[in-house]
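Below are two complexes that have chain A in common, paired first with chain B and then with chain C.
Let's turn to the complex of A and B:
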């Protein structure tokens, strides 16, 4: 097919879909079972879509070139992922993720498992946060700025120019100053079901210079399914999932897996789109979601269907209270949530205690 | 199966006696409980897995409030080195076998720790004062003068801060922040109310409010003096409290002393008015 006819076909598709979108936005959502069926069928569609695109659309190509072209397609979508996030949320998703890391407030020595964190947004914030904390710990003895005479120094803080963090934190408390073997190293494990997203994440890490060997924390990239994590029980201190839990088939399984891999006292944190309670804001948000986002998806990522699926799945996802209840059912306690941007997104938190 | 039952019965009595005084580490509170998917796997297998010692109560949950209490109590130990901060909470969590991220249970961080400490001190003081009141009622001890009682109560309460006095300015600033201020005010009002009640105040008029407000002012300013105090055994602070209580007493006396003056002034003025009316002839009654 020529370039022109292919374009005309695409435009016709867009106009048909626009009509469909107006009807979609008036639809009232029924029960969660219907939605999960719809979701899984949409997911199948999406998977089929990507599989079909290995035929490379209306073109037929040589088998030897196929692998390369398929890889190109996936890289294309994965690389546009961050741009699409910025376009759809007008950059606000960065603030949400910043707040997410603020709520977690990890200290050095934390082992974090970031699920569905392909392109590494949360993981990079974690790394920078830990580095900042370690720097702060090295700079001043804790609580000094609140003492009346801040220039007053303790005996332990005598000569060395760059005393290590352990000297401040542990020498005063431990009877045996045998060394730093007991201190855990910070670690972040990024797990995603899609290898190409992980690749994009690795590229970004290299570009940001976060992959150098001698700095802590450790970064590990793992391919895995959130419903069946390839990690042992009680192996991580914190489990985060940002904008990923909406896409899974069985939320309960994911939460159970989260419970399993967390160490006792560990924290489960989930950042996800949620329901806007304010009716005025809600109508503006609905309009934006159904009229603007799929169009952006088509223009930027050439993927209308996925972004149509995205906005519908947001409506299908349980609201703040219901999701908190599901988290409690999985066994977490002290479950709470915080609304961001009046409910457009919400941070849910629970502890395995 | 039967053997396991016998074993549980045999050990339960002995372990109950053993664990009577000892408290379990917080890390044992979470049993592996995933109700949805674990129904396929036998629940009993998991229970056996989590029974790390022979204590049959090991898989029971510790209530959330108790978890928080224990962590906060443990964190007080780390305050001198880490200040009133999430680092102190994280260190406490690690002593209980929990990861450092557990400090997230306290969204206000150091503020929650400071509030807990103030609450604990207030409760301790209230208990001591109640004991003294009870002894007075039973006749073992004589009732003390109000001023002396208040002075001693303030001193006792401020001495509880002394172990943390180096970091107390940090705690005060945290308690003044908007996320902690309402709770902190509540605790302060509870404190002064207890002090006045046990000092013998039973007023049912506006005095109730003025007494508590003024005492709260004395307490807050005494705190500020305490953190700057370098004198031996904080003598300056106790003298400061003495002079402020003197001021309060004088204020009370002055308010009461002014009343007769006001009355006599009123009488004098009305007398002068009547005389003028008589002189000018507008007094109709005595013609």
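Let's turn to the complex of A and C:
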């Protein structure tokens, strides 16, 4: 793929010289224009100067325009997003997301950053998973079967916790909670560049009753760009991005940001449409994508173009192996992927080790 | 395209080239009309899917579609339109996908008439930018223009709410159906029908007979499903027979430059166009009609 070839090679050269430092800590990516050699017959070098063009579906646009166009697409589709997902994938996307959460298998106390998680599908599954896990932990705590109420534990958690004097006195000391991991609260931060998607997500959260103050996993909704996350370094234990990385302008930047905000040992997990390798299935899938999905978009959301963009952007995205390579280039180790529905979707996983 | 697809490309060609009917085809070649607005696209930018022919858009908002997609759109839009009549864009899509032959017939009728030819060459549009509503409001009562503006205000509609044409694969026919959509409101004014479901069914019946568009016929046949039995009784006994008569007797309204006749008194215009007045439904006592409703 054009966006990756020269840049990553140059990046690798520089970072090898700098030693085994996080390859993303040097912002060489930002000056990709300096690294790339002049193309011989570059029709993109028009009066805009050396602004690179990227793909928006099968259309070629300038990089600076892509964020705006993607934003527009998602503002248009926000209200019908979940209905369309069900209609297009015939409900299978729910199974994909359930499997995604199974692969992540978070323990209570995990801080999750869900990027491009607008309407909250992954976040809600995370919350339910943590609650289920906590319930299991309570049941499994020693002496559970001998108590009248097996869910009751020895420590006094039954009453709602009002902050005591010590909490106020020692709250600053509690910033560094590495020693007391089991008392750390689970947290999910949902970050999306588009406010309309977040609004839809908040409505859904209210409807599902996940907004109570005393529920265990904390939920935070943040507007932000995946290429420039408004979070400090080493602040989350898991980073997930489901069906979002295809829409970003610079995939390497997003991966570098993911690397930055993850704590050492943290996990990067990505669910995305990928390439179907089986040729028969692939023909059926292509036919379905190009003939049926835009029609569904027109019928349900009155928006042909956004869904045409969707299926084209899937075709333009690198395949499983190439994407795994890009993730490795960003510094993640133990990168692996799992195909879902014969490659229609794939879960890529990497660790910051 | 991703590297792996080059390995399978020959196989894909074999599968996708044979059923031409399923691919995006270039059967509809735009006529060499002098005044058609052509938009030039840089074909080099757009990648072809699996080597298929990519038909360039023939007009702004044109969305090239294959026959299969048109079939799917027809069925889907009909289903959505009947379950949710507020989706006007679905009725529009239904008209575009099913109206090819009817539009050719209308276009030929327009070409055979001098005013129709003028409309086809000038391509007037009806929206708030081209029609000065304030000027129409200033016209005396009883004129076509004044009645039109009153009707717009009474029913709280604006001429800007017409969806643009997307799925007609011929640029002149696209204008014809756009023109039909825009003078639909003027039909309402001429027939004196409001925009409730009853009025819309009546106007659809008139248009079905007058223009021959399948979408209008479908609307007239399936629209009354959403009405009460009393309204259906009125339709069957008064409004539909009148609409059919009016549809046959009226002069071809696509050949009338309606925007230039706003100053004419409405009754004279209707007489000129052979459009009879709406029927008067007698307000008889409930006893008389209740037996008839339950028939």
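Definition applied: the second predicted complex is superposed on the first by the 235 of 353 C-alpha atoms of A that agree within 3 Å, B and C clash if a C-alpha of one lies under 4 Å from a C-alpha of the other, contacts with A are read in each partner's own complex, and residues count from 1 in each chain.
Just so it is clear, a residue touches a chain if its C-beta (ideal position, glycine included) is under 8 Å from a C-beta of that chain, and two chains touch if they have at least 3 such contacts.
Remember, predicted model here, so these are calculated numbers, not experimental data.
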Combined model on chain A: chain C and chain B, fit or clash: fit
Chain B versus chain C as contact partner of A:282, first or second or both or neither: second
Partner chain(s) touched by A:185 [first = chain B, second = chain C, both, neither]: neither
Which partner reaches more residues of chain A (counting touched residues only), chain B or chain C: B
Touched partner set for A:299, first chain B, second chain C, both or neither: second
Touching partner for A:353 - first (chain B), second (chain C), both, neither: first
Chain B versus chain C as contact partner of A:325, first or second or both or neither: neither
Partner chain(s) touched by A:334 [first = chain B, second = chain C, both, neither]: first
First (chain B), second (chain C), both or neither touched by A:98: neither
Least Cα gap, in Å, left between chain B and chain C after the two complexes are fitted on chain A: 22
Residues of chain A at both interfaces, chain B in one complex, chain C in the other: none
Chain C residues within the chain A interface of the complex: 1-5, 8, 11-12, 15-16, 22, 45-47, 49-50, 63, 66, 68-69, 72-73, 76-77, 80, 87, 89-90, 93, 166
Interface residues, chain A side, partner chain C - complex: 1, 58-60, 275, 277, 279, 282-283, 286-287, 290-292, 294-296, 298-300, 302, 304-305, 315-319, 322
Residues of chain A that touch chain B when the two form their complex: 103-107, 109-111, 142-143, 146-148, 172-173, 233, 237-238, 252-253, 255-256, 259-260, 263-267, 329-331, 333-334, 349, 351-353
Of all residues in chain B, those that touch chain A in their complex: 26-30, 32-38, 61-62, 64, 67, 78, 81-87, 90-91, 93, 96-105, 109, 166-167, 169-170, 173, 227-228
